[in-house]
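Same chain, two partners: chain A is paired with chain B first, then with chain C.
This part shows the complex of A and B:
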């Protein structure tokens, strides 16, 4: 209940663009130039919306009915084709990743992976985790991330960011014995 | 060293890291279990309450017994968790100790190496060398100083004498002209001093007036050598000075 109330509160302070109230924008425009403009507007809106609500997964399925793609006030929703088209635009510009081949959902990177990596490394340094091991779970929901930007970070995004740090020689993802969680060891920068 | 040579630093995961990961995983699982059991306890409590309300005492008692059992497990779990956390803390501490030890060792080796770089004999030799160098330089200077032979030194000395004589002669030649020049210079100087003193007195600056008085003393001292023509102006000046001196204490008082 409380979570729902919070969600509603958040919903309120997100400012929707004016076009969100116009039914034509919920239909893919046939004229090429208009359509390009339309897709650009939607793309920015998706990124802004996800950043605001800290949403990582955007579903293209009709059954899921992602709130942004449905405006009950004007009784309009995007078709699956339109959603896939928009998410594909994001994937092409590197701001999203398809979660599966069937393109049922996409992982929206409203912060680029290197940015996440930088954020994680700064957090680890701040907590004194250099040369220490932190579990992936701890980085998502442990007491050290409470109230930080990392809280609730999507696992896939987190793993990709750690892989980015791995390339920089700042961290390593590893698995322990059978049944153990995944861990990340942070290194002091050479 | 290897890290310096290879471009990509080796990201090594050692046994301690794996141990930490295992412990942390265990801690998380224990935490989960604790939450589950806590849920069970709450549930049994609710069941017991509703059973009591229905008047089914036996079953309520059973529920409460189950609750007690779960609570016992909860206490054990808490103890385990504490244990795990203690172990993690110890591991971290030991790792830090190890690192500290390594750092101290490194510092020690570095110091030793530096000390080896300057053995005592070499320092001794260095000091000896610099002493030698000083001695050499002294010798050199001596040699260079003596490099002028006696005749040349004598010639130089003679030249010095000659220069001195020349200067003296010029002085002597100018002598006769000195008195008249000085007298001529002194008279106007005395005349000029007078208004200056008056101005100073009018301004009433204590220091300035006193200075004026002092300046007047010089021409007065020279007066005897000059023919006795004009005594008046200096006298007036002297009077002014005397007056000035007489007023001096007053002013000091006023100032005080």
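This part shows the complex of A and C:
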């Protein structure tokens, strides 16, 4: 039964707001005030959706068809312009980063970088990794992160969070000899 | 015998008049006294009646409406006196005050969605749900009374009748007759219409229709739907027309999308969506799980238990300031999940 519940959770127990089913919300409204409300609603929905599904990369490309931006039940999908506009709103409020200059996809930070940093540091201390080196790969998918908040964390987000820890003097990022395997050394705080 | 004019005659006349007047006054005084006594008696009876049926009046919306009608007939307004016997007796002040808060809450929560116009029936559903199952039921009549109280605040709250249905207005603007006509049309057609629908139904000049549409859009009473994605992957040409150009171009030149639809969110949204899905043959497409409109009411908490708890809290603490409650609701709006009458849980298997 527990497995079933987990399955259901994995599947989609995400609750959509009613506007997601209301066709005009897929058209950018020409009236400024209405459009602001519309963009605010969408922005919140994107963040909530990504947090729920632990999604980090949201594509703005038509070809990719990010599931949230297409509601087949009413046969509506966001145009690329609309998607870019929304993701740009998120970028401007610091909740996302464009992955590329062409604005093909954005990295959605449903937790702010300092929050991720805090989580990572707490995790490292909890595992007793102070003064030792952990590879970035291990922090993404190693046995110590299985079942924790950090599992499957996007590499870019992870690195940025570690950089944040660096600034606080809590960790240091090392480049491995091959350039591919990066490691993090955590420090105990005085 | 002919009476001749003379001093004595005049004096006699005057004496007679005085006597008549004295007797008249006396009669009047007795009448007044009797009247007063009757009124006292009547008021006492009414109070006695109210006290005796207090439970019924509070519990039963139909009985309450009848009581109000009776009071109105004899020129007593149990609502107008905030202090005094009536309020103490029935607690009406609190009752309608509380109801007013809930109406305001419903309207304000829905406002970003509905543009400030909401069907009374929907407000009623929201309020019922907000109060929880344990609370005494309220009728639309009660809501109307509560809204009439709100009107006194000058907040723009009021009732509008459009096409045989009552709407609660929570914005100060007056609706033009053209807007009324179009809202009525949307109501008749299931929540939305196309330009062609509107032209054939109103028989207006296109110019007039476009003006009316633009005005409604500005008020937030009308939303535009260019059906992006309805015909395969979205073309960027369709989007370009929508981009930054405000009303002039955006509304008046639907050249890029001939089947532009106009949606009126004041008309119940969920039935409109269902109607659209039926009309477009989309009924079989599995739908996502939608939020319940009551989900927004319990501040921060979710689920039915939360709603009941929130309602109980309102019931139990009439001292909580209305503004605070409303402000908290508005602040906690995050998800904006309201509008609609029922939970939609239609998931594909």
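Annotations
Following the convention adopted for this analysis, the second predicted complex is superposed on the first by the 177 of 190 C-alpha atoms of A that agree within 3 Å, B and C clash if a C-alpha of one lies under 4 Å from a C-alpha of the other, contacts with A are read in each partner's own complex, and residues count from 1 in each chain.
By our rule, a residue touches a chain if its C-beta (ideal position, glycine included) is under 8 Å from a C-beta of that chain, and two chains touch if they have at least 3 such contacts.
Keep in mind that this is a model prediction, so the values were computed, not measured.
Of the two partner chains placed by the overlay, only chain C lies in contact with A:80; chain B stays clear of it. Looking at the superposition, the partner that touches the larger set of chain A residues, chain B or chain C, turns out to be C. By the touch criterion defined above, A:94 reaches neither chain B nor chain C. Within the superposed three-chain model, A:152 lies out of touch with both chain B and chain C [touch as defined at top]. Of the two partner chains, neither chain B nor chain C is touched by A:126. Look at A:32: by the touch rule set out above, it reaches chain C but stays clear of chain B. Once the two complexes are laid over each other on the shared chain, residue contacts for A:21 go to chain C alone; chain B is not touched. Shared interface residues of chain A, touching chain B in one complex and chain C in the other, do not exist. In the complex of the two chains, the chain B residues touching chain A come out as 3, 8-9, 11, 13, 17-18, 20-22, 24-25, 28, 92, 95, 99.
Within the complex formed with chain C, the chain A residues making contact are 12-34, 37, 41, 44, 48, 62, 70-82. Those residues of chain A that touch chain B in the complex are listed here as 131-135, 137-138, 166, 169, 171-172, 174, 176-177, 179-181, 183, 185, 187, 190.
Across the interface of their complex, chain A is touched by residues 112-113, 115, 192, 217-218, 220, 223-230, 233-234, 236, 238-240, 242-243, 245-247, 250-251, 261, 263, 265, 269-270, 272-273, 276-277, 280, 282, 285-291, 293, 295, 334-340, 344 of chain C.
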